[in-house]
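First chain A sits with chain B, and in the next complex the same chain sits with chain C.
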Partner chain A sequence: MGIKGPTTEQLLDMYAAMWRIRLFEEQAEYQSGQGKVLGALHTYIGQEAVGVGICAHLTDADYITSTHRGHGHCISKGADVRRMMAELFGRVTGYCKGKGGSMHIADFAVGMLGANGIVAGGFGLATGAGLAAQVRESGQVAVCFFGDGAVNRGPFHENINLGAVWRLPVVYVCENNQYAQWTPQEEITLVTDVASMSSAYGIPGAQVDGMDVLSVYQAAGEAVDRARRGEGPTLLECKTYRFHGHNFGDPQQYRTKEEISDWSGQHDPIQGLGDHLQREGVLTAEEAESIRNSVQEEIAGAVRFADESPYPGPEELTRDVFSTPVA
Partner chain B sequence: MPSIPMNQAIREALHEEMARDSSIFVLGEDVIAHGGPYAVTRGIAEQFPDRIRQTPISEAAIVGTAVGAALCGLRPVAEIMYVDFITCAMDEVVNQMAKVRYMFGGQTDVPVILRLPSGSARLIAAQHSQSLEAWFMHVPGLQVAVPSTPRDAKGLMKSALRGRDPVMFIEYKRLYSVKGEVPDTEYVIPFGQADVKRQGEDITVVASGPMVGKALEAARILSAEGIELEVIDPRTLVPLDTDTIFSSVEKTNRAIITDEEVRRGGSSAELASRIAEECFDYLDAPVRRVAAADVPMPFSPVLEKLAVPSVEKLLAAARDLVA
Partner chain C sequence: MLGTMYSILSPGGNVQSGARIPSLALDQQLHLYRLMCLNRRVDDQMIRLQRQGRLGFYVGSQGEEAAIIGSAFALEPRDWVVPCYRELGAALVKGFPLIDLFSQFFGNSRDLTKGRQMPNHYANHDLRVTSISSPVGSQIPHAIGLALGARLAGNDDVALVYFGDGATSQGDFHVATNFAGVFKTPTILFCRNNQWAISVPVESQTASRNMAVKATAYGIEGVRVDGNDIFAVYDVTSKAVAKARRGEGPTLIEAVTYRRGGHSTSDDPNSYRDDAEVEPWIERDPILRFRLYLTRQGHWDDDKEQALEDEVRATIRNSLDEAFRSGPPSLDTVFEDVYDEMPWHLREQMESVCTPEEFQTVEQGT
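Entry: the complex of A and B
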């Protein structure tokens, strides 16, 4: 049963969205070097096809949960890059009034239930979102993004089993970028094909090339449709690669320059889609350039917005701990 | 005496004790690559390749296997990358590690050390900046060490590595790079011995972790105003050296407790109530606490600065106490 689409319009949207992530992250790294973006910074560069290919099937009513590497998920789900950048700058106009920072951006208005500083912290939240959708018969779907490293924590097992046995409308998406921080996957996990773990939970598993947004789109479409039909979760593994360090400033002694340049040179997801669109005659080189340029302007606007925004005032320190302040 | 940073001091303790005792075994996430985020275990893999293992991201398994191995002849030292992630292993800490000796009638030792990078640093916000000493103090069976200097860190780690009971070893991230003198001769610092970091007549300040340095700074400033602080670092919260603290309060008749934990239910609450119970007749003023705001650690630097207890807050509390 094939997945329809993507339409030309969707293809162009996906192309722009991948650029939006790439340029946002490049700018975030630059601003981190300038001392404007503060705290830890984990970029999504290289993994753009995963977030974008999956969220192409979701509406604002659907939910996602995210990780410490969450900017790409936010942008894929339609978050505003201006408020994201302001959050990274620690400003009050940021999504979390500057209280969260890079590792904790959320936009509940578009169903983005939050980036997460705790590896595997999103499993329960996504499974609960699926439960709420099922109980309310709302037709919504929840997607749980997680890394290959998160597979080794208990919440992976507990929540996928629960989602499976209750047939919750959840798609568990493993972004297997082959490293957990500084440790190669095969040193800490014998089963490196995470999709095959689905059999332990009695749900379908699928593995796709996470550098190819069209493959991601196809597989995600099937998983999301299945969830919407009430048939339960899928474990979808996207093989991918982060082009930059675990965090900004990581000297990356655990992998070779050749490995990095092989991936970034031959498997760049944005270039892949751009080439495809040009071959299909959907996009000219000039149009591709102009998409990139307009995204670039959008990101520059986000930086200006962040830079001109005020810091939170002292009254924000104790606000939001509870719905109403307590002694 | 050589001056070295705290991460190196802890590393030296590990190296020296591993050479002495072949049962010491190190485990944790990325403890070989870079020696963990703060390079504490750097070099151990080269010297003791069979006695260090890099784990998956599996905190419950890290603590659980450390406890199991400790029951069966090893002396595990586990790094939890940030203390915040100990939440992922609380059954293993609270129901297993802390209770095994007592529950089984004292049949076994449980020599596990959990190394726990703590506190605010580098603006890493709510899930990477906590100080959880009070949680651990509240569980009978756990010892809690909180070094504030490289010298204390090395000496306390050596004691921990020779002890028979579980230790929650709190390492303040901001202190890792702060240098201090460390004896180049063999020494250990026993648990349960507070250190009087500065003598003074007017106010006893019981300070732990990063607040020790701030208390000493406050003391220098106040000395010019004629107020002399006595700064006491308990060094271990469990066991607690109440003798040193109480006799200081009996001398000064005033006390401030300060640490970087959130104030509500923090270790400062326990210390303050112990002083109130035992030194009531000697107190000229209520015991004061200077601790972190009762909020998750905010990200923005302007808010983080307000949340973390400062020298200024200590100054205000001290001036108020003698006013």
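Entry: the complex of A and C
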């Protein structure tokens, strides 16, 4: 056992990636308020350690599937924030030429198989990707990200069962942020420790503090290695919390301000890693600041890129639907 | 192969040490025994008729009679049986008349479902037996809904739903069981683990240790019982029914049994499994086990067996004759039960087709 690393370089990359997600999302919310973002927006703020800690073990050849809360997964897997922002703005330079929006960003070049507006929509894709990897003996791994709400849907069950019986190289990652939209988890699920459900499927389960990127990194390393060795899937539960509403504009009457500030004040994953790195002498406060600033520049560049890009023309309406264009 | 499971009778019909026979009067025991024999005979007969080309399709339950009949017997008449498609025995427990079952199989004019369903898809809402629901697993949410409905209506009826080992891999199983657990619906989730889903053996169906363990994911109780032991099945189901009635929520019961015949009359199990696998299950036969027990208790002998055999044969024969005497449903029934008031375009269609009398003549002429 024992997962090596992360190396200093990886630690700094993870730190930057978490900031990239945070600042991207803050900008996205700001721009949404300005009327620039078309369609719904679900931010990953608070959950950065999960996507980042897990994707640190993956290469571009490995696959991930995502959710309606997908920006963090995209960024963790190495997607381009400029094309992401352009997609949110509905511009032709976006990942879907501005026709998909926040919940449809995919980047096959980096193994990101797509966000998904359907709760639990990623299970079949990830399991299928795992099957493809197994059949081709390619050594690739697929990671399926999903929320605590998705646990209650059929695809969770069908795919984990199949992944287990076929020993597919898939890691099923539950981001348990304790709410499905406005519904607290315990109102719709009796077994709130999702990892413990693994025993019903005959696969290992692991539960980690999803606010601590190093814990996530460690557990994910074991699960990804297991999958790569051909020993089948793991159900990995990351206990986490979203600091903002379910979507931008959510009045959040289902939880208290104190609960939110407890989590964001005491469990902020970025601050957690920053403090750790400074304690370990890996990073000075100034260096931390400069990482943040350079990411901020990057995001500002993404907004400029999006702003300056044109909207898709009417000719785009019938493109990318059928492989043979409609006459 | 079998793992640990609750049992009362050994395969040889002896009471396991420390086990207690559930309190069932002798006439109840003999009634159960008769129903198991009737179930087996009906199956044999229907499969023969299908092979003769006189019946379109049939699903038998050879070897699973104790699981099906023992569980249904734990219900009150007002409780719901929500079958899968292999629970003729539960319908018999509920008092479903043979003539109604046969009429459905042949789709004749006496068929309660008016010949509109596939054979073997019987239903009788007065008896609280819902329609056979052949999309695998689709009946499980129905049962949860019935149970929730009963509670909302303020009564303590329960719903017992049957499904196979294969059905546990369906999303419907998952969402329904989760819902039952969260809302504590008075439901008994009865899984017949007969080791096969058509040609898929249970080892390829799931990596789970067994079916009962699946209950842990939903925070509900899971029980594993010898499905070929009528007393054990009756006992665990009675407890689950009582618990549901008290408002203490659902139970998942796994009855460990074996599908000895083909999946249905459309299946040939020889193409995917060895006879050698079936053999030990003939020794574990649920009817034989019960008979050995009854005999040992002094309640049964060869004469009684012969008399029962004759009676069951005659009963089936009489109902079959009656079913064969009935012609097809009249053509105008095709237009019923869709609209409360028939719209003009349907009326036009109905009047444009031949009269019911003509229809029957046409049928007999072909």
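We adopt the following convention: the second predicted complex is superposed on the first by the 325 of 327 C-alpha atoms of A that agree within 3 Å, B and C clash if a C-alpha of one lies under 4 Å from a C-alpha of the other, contacts with A are read in each partner's own complex, and residues count from 1 in each chain.
The working rule: a residue touches a chain if its C-beta (ideal position, glycine included) is under 8 Å from a C-beta of that chain, and two chains touch if they have at least 3 such contacts.
These figures come from a predicted structure and were not determined experimentally.
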Have a look at where A:Met197 lands relative to chain B and chain C in the superposition and call it first, second, both or neither.
second
Could you look at A:Thr318 and tell me whether it touches chain B, chain C, both or neither (first, second, both, neither)?
first
Between chain B (first) and chain C (second), which does A:Gly154 come into contact with in this model arrangement: first, second, both, or neither?
both
By the touch definition at the top of the document, which applies to A:Thr59: first (chain B), second (chain C), both, or neither?
neither
Using the superposition described at the top, determine whether chain B or chain C touches more residues of chain A.
B
When the two structures are overlaid on chain A, which partner does A:Gln253 contact: first (chain B), second (chain C), both, or neither?
first
With the two complexes superposed on chain A, say which partner A:Glu187 touches: chain B (first), chain C (second), both, or neither.
both
Quick one: classify A:Val165 as touching chain B (first), chain C (second), both or neither.
second
Of the partners chain B and chain C, which touch A:Lys99 in the superposed model: first, second, both, neither?
first
Footprint intersection on chain A (chain B / chain C) at 152-154, 187-189
Under the stated contact criterion, what part of chain A meets chain B in this complex?
38-40, 87, 90-92, 96-101, 103-104, 116-121, 149-150, 152-154, 180-183, 187-189, 253-254, 311-312, 314, 316-318, 321
What residues on chain C touch chain A, complex-wise?
169-175, 178, 181-182, 204-209, 213-220
Where on chain A does chain C make contact in their complex?
152-158, 161-162, 164-165, 167, 187-191, 196-197, 199-203, 232
Residues of chain B that touch chain A when the two form their complex:
29-30, 33-34, 54-61, 84-85, 87-88, 122-128, 293-296, 298-303, 306-307
